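Some structures are shown below for you to check.
Below, chain A partners chain B and then partners chain C, in two separate complexes.
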Partner chain A sequence: MFKKMGLALSIFFMLVFMGFLCLRPGFGAEKPFQFGLLLVGPYNDHGWSQAHFEAGEYVQKKLPGAKMIYIDKVNPADRQGITIPQLVDDMVEKGIKLIIANSDDMKDGTREAAKMHPDIHFLHISGDDVLTGKASGNLSNLMGRMEYGKMMAGFAAAMTTKTGKIGYLGPLINEETRRLVASSYLGAKYAWEKVLKKDPKELTFKVTWIGFWFNIPGVTADPTKVAQNFFNTGYDVLISGIDTTEAVVVAKQKKQEGKMVWAIPYDYIGACEGASDVCLGVPYFNWGPGYLEFIQASIAGKWKSNWIWMGPDWKNINDPDTSTVGFKPGPALSSSAKKALDSFISDLGTKKVNLFEGPLYYQDGSIFLKDGEIATDKKIWYMEQLLKGMLGQSSAK
Partner chain B sequence: MAWLDFTILMSSVVAGATPILLATLGETITEKGGLINLSLDGSILLSAMVAFAVAFETDNLLLGFAAAAIVGALIAATVALFSLYFGQSQVAVGFVLTLMARDLAYFLGNPYSRLYGSQVTPLQIPVLSKIPILGQIFFNHNPLVYLSMVLIGFCWWYIYRTPMGLRLRSVGEQPRASYARGIDPRRLQLFYAVCGGLLVGLGGASFSLYTKPGWGRPQGAEGTGWVALALVIFGGWQPLRAAIGAYLFSFLQVLGIYLQGWLPSVPAQVFQVAPFPLMIFTLLVMYQAQKETVSQWVGDKSWMKTFVEVFSGAAPSSLGKPHHPE
Partner chain C sequence: MQTFLRYSRKMILTAVVVFCFTTLILLIAGAPPFAAYYHIFKGSLGSWSKIAHVITVWIPLTLCASGLLYTFRIGLWNIGVEGQMIMGAIFSTALLRFGIESHQPAVFLGLSFFAGAMGGGIWAFFAGFLKTKGGVHEIFAGLGLNFVAQGIILYLIFGPWKRPGVASMSGTEVFPQTLWLPFLSTIRLSPVGLVLALAAVMVTAWMLRYTWVGLGLKAIGKNQYAAFLFGLKPGRYMLLAMAFAGGFAGLAGCLQVAGIYHRLIPAISSNYGYLSLLVVMLSNYNVWVAPGVAFFFACLNIGSIQLPMMLRVDSSLSGVIQGALVLATLAIYAWQTRNKQKERQN
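Let's look at the complex of A and B:
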């Protein structure tokens, strides 16, 4: 009798225990798809890295089974001696299936790590390993066509400047930064000559390079000082090409001193917040749709090594679900300039205006595009110099 | 146009030198009393973060400055207490504190990263700001810049022209003799370490509330503390010369931006890094200038003598050697 009762009780408790196990969150559910994010700067830099971090959050929202693990400040100044393969090894050990590296600086490390972990998918932002044939099959490249965003920035700057002097706070010199500065210049030139019908000689466009994507004391030029110098020498609109907010901060400072100046930050949609009196708008990346596409392909087993250069959705360049590149006009942009900008954006979308159409010359006078020639993606991607008419260094050599 | 460029250049130099000047003056006072506060780099960062956070939360710049000065003073007091009263190595304590304060600044300051906050507003000095060239260079800034300039003269006057300054120098040179004359070297050294720390804290605050408004990682103040420590040596432990060093460093930094445009064939990185090796080179020259063999070699060559004199300077005799009465 007692034996039977004991057996019944044992079965009862076993069932209760198993019931608890089954009720435990996640039990029986599929394991989440973990993806890793290596950020070059802090996740809350109000710039490049924050735009990527928020794209990761976007993916988590859109794909309930996806889970992001991020490591920020992956740069030589903050994490001396730490290599990309080391961080990747750690992530792979945690069960991560796809890793996104968000800096051009991580190119070699990502390539090496991809070769070491053929079962893991890698997405290198802004790189070109697939294009050059150096990538293994598990490595893809993604970039946004920010050239359009920068054209809009240059356009807004030229529509606003009173002195005809536009400054550009440049990061380091490479193909990517050259084409972005050149795009800003082309946008400004178009507004100046075609919309405002002003003398081309009266427009000055100058870039000063700080040496990296953000300030590293003792290594780069101080972007605050560079920005101050621009404004002190008569430049009244400053376009930022770096990942942090110095251009806007200094513009606010100069505004307090009574100067009529403006700034255009970069990368992050929220970069104008708190700077309504000086911010003309921000060309920004919206990485969410691109991330989602690659992660879904990875989950579905449809991964392909691809080099993707995603552009704006011309129906609505600020659509968070479809447009990889956008431009958010700032409160300091005048209504007339905004109206002209809207028309310019529309013309870019319909291809009525193509600023990468010849004749265009490099800074040293050599031909970049012959008369009537339209630049191919490759020609724009690998720009060798700044364009004729721009001031500033073309090369770091 | 050339004059305009020169004026703008020098005005930027004067404005940009403020934080490093305040920190250098603070450390000069501390070291003049015989104590080395090696925590400057972390201290500047933590006070910069605290200044921005307090000013942001309270919308009161003065509170921001006050909080930063207190932070600087507390860190300096910690170095002084451990060294003077607990017999610990001031170099080790200072070094540990600089690392701790730096990491603490990054950790605690994370919620304030890249936010737009209050900034010090400019204040032209009437009449003086209208003086051609000089007015633009020296009197067209904000109260903080004026304070830093006034402090150069004040520190010099205090150290070399007042009885209190004489006592400060005496504890830095001969603490035993001072003790014999009824001065408590440890109390005095603690007091001047706190005073120096207050200035270092103000230097940090002037970074985040004026020179590089805002907070972030990196803030841009990193490395300044080490440069300030080097400038104290460059200045031969004299406030006037240390101030010249601070302006020289600022000049080299601003010049780098101009040179990029003037000499496009030279890699931009050269100008960015140039101030640091130049500072090391100057320290090397100073070290050599103090050698007996060099002074013998110079002999009566008048121009060389002047050159060597400019670069020579001796540290307080008891610098880094705390006095323990027992």
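Let's look at the complex of A and C:
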């Protein structure tokens, strides 16, 4: 009895299976322009990857002929045994013409894949392969000038702190993260010394690195514990530099326990949601305009291998159509601090204030910028150490 | 013929059970089950490059499974295979690092295989030594050594082997292309790895079937004390079996470094060690069935990546299918034994 039923069932399923094989989608008349998006984290992480995901949706809205195919959690811990070149092969088979790789972690894989698919366009976010000359002609780099966003974050933190101790939840250490932490410090220092006119010695700014862009249990330091540790040791404002939202989550818990603490998340415009009583605001990326530019160039056949570092639109840094970097003030930011922040932002825009102006020293005391020297883009991009006055590791021990 | 029929009947029954179970899970998850199966199928065998991807997963799985056949034959649970693979990757990375500046990269590439096999072998030998001399059960020794290996790899990546100016768990600097295992560029498949995996299956089949070593392993596996009375030394054979298992696993680790990632990353073993344990159990410890099961598992691993891309379903479904397969096999086995016992009683 069982034998017959099993046989009948398996024949039935095999027929269904074969039916599916025959039902391939026909090659229709007009094909949409398909672009692929490789996200390092979950598409709904309220951070780095979500900002990219929503930019993809923005492009679909602006360009009715464009269609996004995305895959998230593209990292060796989450998708074991899957490599970037493999995913790219698959996307190319699906007819995708342009592929966006959204993480620093995908640098080598993207470069390798780009060499193997010369007729497909690649956009690697946050990389510098074009600058270093390692990129093939079909590979471009895009990054936002988050230094400004981080300066605003540091400014808001210093305006708020009661203990004078600001913590920074750092991801891994490389050039990008060094310059972003340093920018936060410069913003905080400016607010502390120039606006609040307080003693520089009373400001403490410390970074602790977890080892990757987000928590990988057993591999990285646990960002939740790092955040708790900051709040338990007198740091009352925590700036996040990682892809996910641990900083605000822990701050909220501490607030409920009765501590006066605040946090500043990162990456995604909606990162303050649900943590309004501790969130001072969020410096965020708005990748939509940048994506659109590259995708339109690709469609029009005007692709060029470029390294682009897009900044805020100083007319309105929160304009979704023009500004790549923005800062959305949070509900916990006091009105006086917000007023000061607004004037700081306008001073940055008019170049009245340039925080990357010498004299500035590296952590070991060597000169980063001479007196009166204004840093070039390259000098900021390739910062070798943290700045003097900051606590924390500049590179691996 | 009779056994073949019985075997295939069992397999179909298992497949149906697993099929119903995963379909149920998919329905609960709100995904169209047939579309999911279709995408897994098409995503793993739908094109030559997909098949090549499957084979790149099949290679380390088969290598580990071949090694595990020795230890299972003698009755050892070599759960440390994961750590042995990691140590193989570490040893071969260490050797390849010497090759970066050299003018004869091919020599270092060749030597890295030996280094990998040695790394895995040494690590397995530790577990075997603890078992035979220290009386530590090999499961505990293996698990402990897995953790140690994971600790060592993290330390090396974040410490001595870090990229200049960088502290990241991303992995070490990519090796220059001269140190990559040569591969067919269109389908990204290394023939060397394929040959090694096939050779591993052949050698294992021959060793276990036709040599004194194979016979000794089997004898000790069946009855340690009887074998001892026959003059076999179980301790030595256990160490030998462990060394074989570790060697093959280390080789798999080496291929992951030289052939797939071209650098050392924390997740270098991709859990293939643990997965290969399932492969061997599911294949009923048969050396000719194991590569087939490994191929099926590899198809699931590669094909399931289509689920999040096309259907927005989490790809961990492949893990569900694999786990369900093993559980169903065990359940059916238990059911049959119980039936047999009942028959006997009647």
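Heads up, the rule we're going with is that the second predicted complex is superposed on the first by the 367 of 397 C-alpha atoms of A that agree within 3 Å, B and C clash if a C-alpha of one lies under 4 Å from a C-alpha of the other, contacts with A are read in each partner's own complex, and residues count from 1 in each chain.
Criterion: contacts are C-beta pairs under 8 Å (C-beta built on N, C-alpha and C of every residue); 3 or more make two chains touch, one makes a residue touch a chain.
None of these values were measured; they are calculated from a predicted model.
Look at A:80: by the touch rule set out above, it reaches chain C but stays clear of chain B. Shared-chain residue A:44: touches chain B; no touch with chain C.
Once chain A of one complex is fitted onto chain A of the other, the partner contacts of A:275 are limited to chain B, with no touch recorded for chain C. When the two structures are aligned on the shared chain, A:219 is found in touch with chain B and with chain C.
By the touch criterion defined above, A:116 lies against chain C but remains apart from chain B after alignment on the C-alpha atoms of chain A.
Of the two partner chains, chain C is the only one touched by A:93; chain B is not.
In the superposition on chain A, contact is made by A:208 with chain B only, not with chain C.
In the superposition on chain A, A:252 makes contact with chain B only, while chain C stays out of contact range. In the superposed model, A:175 makes contact with chain C only, not with chain B. In the superposition on chain A, the residues of chain A contacted by chain B and by chain C overlap at 73, 77, 173, 209, 211, 216, 218-220, 393, 396-397. Listed in rising order, the residues of chain A touching chain B in the complex are 42, 44-47, 73, 77-78, 173, 206, 208-211, 214-226, 228-229, 232-233, 244-246, 248-250, 252-253, 256-258, 273-275, 391-393, 396-397. Note for the complex: chain A touches chain C at residues 2-3, 6-7, 9-10, 13, 16-17, 20-21, 69-73, 76-77, 79-83, 85-87, 89-90, 93, 104-105, 108, 116, 172-175, 209, 211-212, 216, 218-220, 384, 393, 395-397. Chain C makes touch with chain A in their complex at residues 9, 12-13, 15-16, 19, 34-35, 37-38, 41-43, 47, 49-50, 53, 57, 150, 154, 158-159, 162, 165-171, 174, 185, 188, 260-263, 265-267, 270-272, 301-302, 305-306, 308-309, 315. Only residues 5, 8, 11-12, 15-16, 110, 113-116, 119, 121-122, 211-214, 216-218, 220-224, 253-254, 256-258, 260-261, 264, 267-269, 271-273, 276 of chain B touch chain A when the two sit together in their complex.
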